[in-house]
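Below are structures written as structure tokens.
Both complexes shown next keep chain A, but they swap its partner, so chain B is in the first and chain C is in the second.
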Partner chain A sequence: MKKVYINSVASIAAQKTFDNTTFLEDVTHYTETVLPLIDPNYKEFIPPAAARRMAKGIKMGVVASRLALHEANLENVEAIITGTGMGCVRDSEKFVSAIIDNNEQYLTPTSFIQSTHNTVGGQIALGLNCKGYNFTYVHSSTSFESALLDAKLMLACDEAKTVLVGGVDELGDHTVKIHRLIKHIKQVPVNSAQLLESKTEGAVFAEGANFFVLANELQKTSYAEVVAVKTYNTTTSTVTQVVEQFIADNNLLINDVDAVVLGCNGDVTYDLPYDELQNQLFANIPQLYYKHLCGEFNTASSFGFWLGARVLKEQRVPVAVQLNAQTKKEYKNILLYNQYRGKDHSLTLLRKC
Partner chain B sequence: MDALKQELKENIIEQLNLEDVSVDEIGDNDPLFGDGLGLDSIDALELIVMLDKDYGIKLTDPKEGKAIFESVEVMANYIAANRTK
Partner chain C sequence: MSKGVAITGMGIISAIGNNVSENYTALINEAKGISRISKIDTIHKDAIMVGEIDFTNNELAGLLNLPANNNYSRTAMLGAIAAKEAVKNAGITKISKYKTGLISSTSVGGMDMTEKYYYEYLEDTRKQKYIESHHAGDATQKIAEQLGIKQSLVTTISTACSSAANAIMLGARLIKSGELDRVIVGGKDCLSKFTINGFKTLMILSDTYNTPFDENRKGLNLGEAAAYLVLESDKVVQAENKKVLGYVKGYGNANDAYHQTASSENGDGATLAMQQALKVANLQPSQIDYVNAHGTATANNDLSEGRALLRVFENNVPDFSSTKAYTGHTLAAAGAIEAVYSIFAIQNNVVFPNLNFKTQMKEFAITPQTDFKYKPVNTVLSNSLGFGGNCSTLIFSKNQ
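== the complex of A and B ==
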């Protein structure tokens, strides 16, 4: 089995992360319940004729993938694997709204064509003229990890040398409205710098795209090794038991973990597993968090993956993501843990390379 | 007729999401497909729906669109002669 490396990273989020020359030195804090995106100039990457039919998620995915390929110094990849929880929800909303508003008449083709979950992966492939394996995973908050696991298996088995893998989710007005109604979005705006102190129900939502070129050949510029990925939709074990087993399965001791990246989102009801890890198992190592910067969405954990990869490459933790005062001289093994509303748990182990 | 042409240009830009095109840039006799605005077959379907929804004109044969959508001028003349709303 070959080792799998992260050879490039690209992020489009509520922070100016599309520029890899900076690393969260200058973060934007919001007092919102839904965060806005800091967009790159999409027109630099997508011809106007193609862009006019693309909703936000497609543009984000296409540009993030271009940035990742550019950094990896590649013109193409052998496979494109995308994770998305909601897919192209804006065009889905547009199409379904048109059915209702126009009494099932006058249905236009564009929003229907662009509304499927695999549109992002398809548009990336069309842009690259990539005829290789193209798969989209729609597994709620483990969508990105499902895509990552597929990519890791392909590369470990040497079925491909380079794979583009990413997570992307956009927000639509109706989706936001519904999530506000069922209180999955916080009812009162919270300052993102104090997200975890809000002690209220729900999360601060956002959208974003994080793409990576994974390969089974190490380069001088590689960010990290992807050691293991595991997902659980539900579990009867405690998070401590799950993490201990995952670490043991990878022939490590808890003390071998140099930092933990947590997906806590400030939801007083569902942040308890994160609190458990913070206060017990990983109380004495650096703890990082990120959803106060990028917001919550089904593939927000891909931002955590971006963060872990960058920390391992640069061997420093930006102040903006520090959850405690612990530091390490060397970051070798980083564990990522994410779950959403008590379900769809994922564990990802990254290693310095 | 000038008002109809203006309305058509605005609708075309909105329906087809021509972000970088303004009404002034679409000449009455510019070809909409090919070398002109560069519209394609999906746009033709969008325009067929627009004729039905906004002007009550049902094109039963999509091939008719080729002649009707030649330019804004031709479209406006066709709509003026056939509109039911």
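== the complex of A and C ==
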């Protein structure tokens, strides 16, 4: 089995993360329940006419993938694997509402065509003329990790040498409105710096795209090694036990973990497993969090993956993501843990390379 | 690591039958499941024909013993019924005995409920339970719960009409690599106004029975269905002394990279997918006994797929047929439905007819099999081609 490396990273998020020469030195704090995106200049990458036709998710995905390929010094990849929890919601909303509002008449196909979950993956392939393997995973908060698992399997078995992997989700007005009604979105705005102290139900929603080139050859641009990724639809034991087993399966001790990146989102009902790790198993190592910066979406954990990769490469933890006062001289193994509303948990182990 | 990927169970519900044996009986009796639509109130009801499952949502909920306050979409109920049959058919009594995963697929997800209650959600709190059933992973989560799969690898693939084929492909790779000992793979999609109107705007819905590979084909009939296979490793098959129905021998996935919805004229993606599947299976084209084609009966698909078949098999295209004249095009489920039919072909040494075919296409000389052909069937190649250029091929075999 070959080792798998992250050879480039690209992030479009509610922070100015699309420029890899900076690393969360200058973060934007919001007092909102839904975060806006800090857009790169899409026109630098996509002709304006084409950009106008593209829905937000497609635009984010296409540009993030271009950035990732550029940093990895690649013209193309052998496979494209995308994760998206909600898919192209804006076009879905457009088409459903048009069906209802016009009683199934006067419809045009554009929004239907773009509503398909694999539109982003298909558009990236079309742009690159990449005829290779192309999969899209759509499984809630493990959409990105499913894509990652597939890519890792492919590279470890040497079925491909380079794979583009990404997580992308966009917001739609109606989707936001109804998720507010069922309190999946917080009712009252909270300052992002105090997200975890809100003690209220729901999360702060957002959108974003994080893409990576994974490869089975180390190169100058490499960020980290992807040692393991595992997903769990539910947990039947405590999260501590799940983590202990995962670490043991990878022939490590808990003490070998130098930092933990947690996907806590400030939802008082569902943050308990994160609290458990924070207060017990990993109380004495650096703890990082990120959803106060990028918001919650089904593939927000791809931002956590971006964060872990960058910390391993740069060997420093930005102040904005520090959850406790611990620091380390050297970061070798970083563990990522995420779940959404108590379901679809994932553990990812990254290592300095 | 497992050398073989054994199929030890199957489950299916489609317009031609509510379980495995009903589907086989209908195939053998040339009993099409295509009719006018009865369960969705659409203005297109006289202009289209569909492959609809007889059960109402209430009847499906009854079959699953769901409580009245359940929030299952029709997609989730169809999936749960087929997946439960597959597990039962595989003789599995304790699902947690081996590392067991679930890989499901869908394209519409919970859209049937979303389009019904889209605006009502804003006012009627009783309907809001379905908001959470919209996303594509919801039905998979529910099927896992129905099957008792916990703390395991459970995921969902959505690559339009190739989704279930890709779920089977991933499952086979996970068994081969030893990541899982056993995995339930397949797909499900229900009919919805969303897809009816979507395909209507693309002008690829036929107003009569669909006629795959016919010169005068008028487009596809949408269908609804769900099907699952149980895949098991050599280790499980040996330890449990399992009866093996067939093997997933090869798989290939490629992207046409041509157009968001149309297939390239020469079927580049389909050609690559078939070639790759043959390579993985370590088979020569001449060793394929039957091709279960994607054959949607749209002008574009059948031409592109036919040309791809000619490129892969040159002048020796094996017996081929599309079974979509029976079931309609069941979108994300199609690859799993046709996997079950491919296994039927292997088990019964029969090539199913391509119903409704009358006139030879003028672009090429290949003709689908139009009546039953009984002959040794050891290998079946099945294609699934979708929007986004997604092309997948699976090869099933009688022997490892």
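Throughout what follows, the second predicted complex is superposed on the first by the 352 of 353 C-alpha atoms of A that agree within 3 Å, B and C clash if a C-alpha of one lies under 4 Å from a C-alpha of the other, contacts with A are read in each partner's own complex, and residues count from 1 in each chain.
Please note the rule applied: a residue touches a chain if its C-beta (ideal position, glycine included) is under 8 Å from a C-beta of that chain, and two chains touch if they have at least 3 such contacts.
All values derive from a computational prediction rather than experimental measurement.
Trainee: In the overlaid three-chain picture, which partner chain does A:F95 touch, first (chain B) or second (chain C), both, or neither?
Mentor: Once the two structures are laid over each other on A, A:F95 reaches chain C alone.
Trainee: Now for A:L218: first (chain B), second (chain C), both, or neither, which partner does it touch?
Mentor: neither
Trainee: Can you tell me whether chain B or chain C touches more residues on chain A?
Mentor: Touching more residues of chain A than the other partner does is C.
Trainee: Taking the superposition as given, does A:A248 touch the first partner, chain B, the second, chain C, both, or neither?
Mentor: After superposition on chain A, A:A248 lies in contact with neither partner.
Trainee: Could you say whether A:T236 touches chain B, chain C, both of them, or neither, answering first, second, both or neither?
Mentor: Only chain C is touched by A:T236; chain B is not.
Trainee: Go through the superposed model and pick first if A:L107 touches only chain B, second if only chain C, both, or neither.
Mentor: It touches chain B and chain C both.
Trainee: Check whether A:A49 is in contact with chain B, with chain C, with both or with neither, and answer first, second, both or neither.
Mentor: Once the two structures are laid over each other on A, A:A49 reaches chain B alone.
Trainee: Residues on chain A in contact with chain B in one complex and with chain C in the other?
Mentor: In chain A, residues 105, 107-109, 113 are touched by chain B and also by chain C.
Trainee: For chain A, which residues count as touching chain B in their complex?
Mentor: Those residues of chain A that touch chain B are 48-49, 51-53, 102, 105-110, 113.
Trainee: For chain C, which residues count as touching chain A in their complex?
Mentor: Per the touch definition, chain C meets chain A at residues 42-44, 102, 106-107, 109, 111, 114-115, 118-119, 121-122, 128, 131-132, 135-138, 140-141, 144, 149-160, 166, 170, 173-174, 177, 179, 193-194, 197-198, 200-202, 253-261, 268-269, 272, 386-390.
Trainee: Which positions of chain B touch chain A when the two form their complex?
Mentor: Going by the criterion above, the answer is residues 15-20, 38, 42, 45-46, 49, 52-53.
Trainee: Okay, in this complex, where on chain A does chain C touch?
Mentor: Per the stated touch rule, the residues are 80, 85-87, 92, 95-97, 99-100, 103-105, 107-109, 112-119, 121-123, 125-126, 128-140, 142-143, 146, 149-150, 153, 156-157, 174, 177-179, 181-182, 230-237, 242, 298, 343-344.
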